[in-house]
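For clarity, chains are labelled A, B and C in written order, and residue numbers in each chain start from 1.
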Amino acid sequence: MKQTSLSKRMIEFSPFLVGTMRLGKWGEDFSTNQWIAFIERALELGLKDFDHADIYGDYTTEADFGKVLKEKPHLRHEMQITTKCGIKMPADNRPEYKIKSYDSGEKHIIQSVENSLRNLQTDYIDVLLLHRPDFLMNPNEIAETFEKLKDDGKVKFFGVSNFSPSQFEMIDKMFPLVTHQIEASIRYLYPFEDGTLDQLVLKNIIPTVWSPLGGGKYLLKGNSKEEQDLNQILKKLIDKYELNTAQLMLLFLKRHPSGIIPVLGTSKTERLEEALKVESKTMEKEDWYALYSAAKGEELP
Amino acid sequence: MKQTSLSKRMIEFSPFLVGTMRLGKWGEDFSTNQWIAFIERALELGLKDFDHADIYGDYTTEADFGKVLKEKPHLRHEMQITTKCGIKMPADNRPEYKIKSYDSGEKHIIQSVENSLRNLQTDYIDVLLLHRPDFLMNPNEIAETFEKLKDDGKVKFFGVSNFSPSQFEMIDKMFPLVTHQIEASIRYLYPFEDGTLDQLVLKNIIPTVWSPLGGGKYLLKGNSKEEQDLNQILKKLIDKYELNTAQLMLLFLKRHPSGIIPVLGTSKTERLEEALKVESKTMEKEDWYALYSAAKGEELP
Amino acid sequence: MKQTSLSKRMIEFSPFLVGTMRLGKWGEDFSTNQWIAFIERALELGLKDFDHADIYGDYTTEADFGKVLKEKPHLRHEMQITTKCGIKMPADNRPEYKIKSYDSGEKHIIQSVENSLRNLQTDYIDVLLLHRPDFLMNPNEIAETFEKLKDDGKVKFFGVSNFSPSQFEMIDKMFPLVTHQIEASIRYLYPFEDGTLDQLVLKNIIPTVWSPLGGGKYLLKGNSKEEQDLNQILKKLIDKYELNTAQLMLLFLKRHPSGIIPVLGTSKTERLEEALKVESKTMEKEDWYALYSAAKGEELP
């Protein structure tokens, strides 16, 4: 159950995924040289997984990343690329989308993958995720599309993101998925309680987790009793584990037996180094529950 | 996944079920000649499925329908009859029921079927549904009762109505069901989200849907921003698809890959004709999501 | 589906479990002679199942009970003992626990069982339950720990308590459980509706039920319409079945086809005798629904 071990489904992630949502147009607008430096440092640190989505940067961030691979093609084989499709989002370069909608039809998936391959300047994607559950998805059609992409060597592994357990089951039954990318953090505890993580443990599928730091809301400034209690426990554990708040939030997720792989959404390589320090530590269960109870604002039953 | 194709479970429904709840005592009180005209027209239109329940019209509507079959016995073999049992409802002709309760015991099911056969003046029912989930249901007893009714030639297929996914599974595991009749519409979106339709897709079981027009609430007169937004999108799509609001609501349901068969609750054969016009059209996914988002009153995540 | 029959999972409970939570430090502080009298009377009545948890009486009640077994060792083979572990609760004799937390790790389970065996003065436990769902539980580790305890003859059967259906499935898939101890009563109807009891019916696993009388809240003193309605129906059924309110609440639970075994939390053997009178009666379904509807405060749909 070690998260870095080879799962039954045959993919091995590094301890964290390096997220690209806040790089490029939606965040830190790196030059290609800055991208290269960032990526090379991540790889040096052993972080070989990069997490994309077609829509990031209004459909531009994959292409920014692709420029690095064009300039340094040998890097491709040192890394694994996750990307996502299935959301149609209005954007300057997608004038045909009038509103935000979801599409998991064969045509859209194939077209999205072709776009991603072209933008990323690569001939294969390691992991393709359906970004959001399309209420109109046809599992047979999805399975056939995944099969085709796999046979063509364009995608190695498949997963989904933000699905309910029954939606996950519907797809996984037709085509074996290797991961479920979900939101989870001390500030978003639902997956611990609503069956999402139970399903992944039972199926031995590794969760990747977005917004593991709760979107920055971990620096609590509120004055409510709950927030004061949580801050007090955080302070105590900061001293005990010799970690900062962000590291503690990662350690909290890493304690779960499913082997959660958090997605780190940062443009600073120091933050990646900081995160890796968590790998040598394990949170005691009592401390995990102290954080859990404080975040819930109530004692355990 | 075409809704009119032969499912694995071997029943083929027409594109819509003709509902009888609003015919007879609970609605349009047809004379037998009016019933005959209505039924013959529905059959001419290719609508061979009629949806009953023992309780409709305070346990009188099946008998109204039965008078037609007595007068025109050849019609029986041109149609399929769904009926339901399991609700005990106080009524003049059921003085023994003091309150509304549910019963899925062998004795009650058998007795209900015998009543329905006598009232409908037929010797078999095509599809028998348990009308509501009885919290005291014993799946073994139900399966044995269904087996007996099938062996005796009294009922051909079985289903349930208004069950949760776990209740459905409990029965379906013991005896294979051919349909789940649920409420769904633009005004009642839960089954798209709560696993109900996921389960049916996964099991390749065709949903039939009651109140597909949201109980007439589709003619929105409210002034809230949400209702204005929904009305605006409805108007746009009315022009685009050359359909009226009711037809659009049916087209919305028909877009789901489960192959939803709506139950039409009307006493006017023009409405049946109108509904059938939907069959030649397909709603674009983006339009489906425009309706969904407007009905939810929020953009997709 | 008779609750007292031998289940597929090979344990046979008596019609009620005798609960010990309100005996000892957390309730009626019996002398050892009082304990002996109470236990011997329960056994005479055919109630051979005693329900413990390590934490009852702040980790002292098992030892109170053990004194009886030391003095009357032959009683051990006339009874079955259920006990629970997995909650770490601050207490005078557990200074190492700073807050309430859960632990289902091998070390904690083994240590808890050793403590329970020593305190109860017995060399085996009949049924060991995980008291609450540990969000950090590792089903593989739990299954291996259960296997070891079974092989060593220290525990005969295993179950859980207060788990969600997906948590239950996660453990049961790895190691077959014989019971799920849940809260249920006229005052706590969720398990009838949320899939908890459906799962147990489907798996043919017998539920044991804590707080079957709703924590004494059955003596309603409120003046709301709902409480007046419920009281009125209770009064009617008290006359009809010649039972008191507590007995009716047990009869209500006993009507469920899963074969619920309520845990009786009383220090008075008269209450045990009263409860047993329920065994010769069966609640009519319509009366069950009258209670259910009144307790919900609404008519059935």
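Methods note: a residue touches a chain if its C-beta (ideal position, glycine included) is under 8 Å from a C-beta of that chain, and two chains touch if they have at least 3 such contacts.
Note that the coordinates shown come from a computational prediction; the quantities given were computed from them, not determined experimentally.
Interchain contacts join each chain to each other chain, per the touch definition above.
Remark: rotation between chain A and chain C after Cα superposition is 120° (nearest 5). Rounded to whole angstrom units, the spacing between the C-alpha centres of chain A and chain B is 42. Residues of chain B found to touch two or more other chains are 165. Residues 1, 165, 192-193, 195, 198-199, 201-202, 255-257, 285-286, 288-290, 292-293, 299-301 of chain C touch chain B in their complex.
The part of chain B that touches chain C in the complex is made up of residues 87-88, 97-103, 105, 132, 134-141, 162, 164-167, 169-170, 173.
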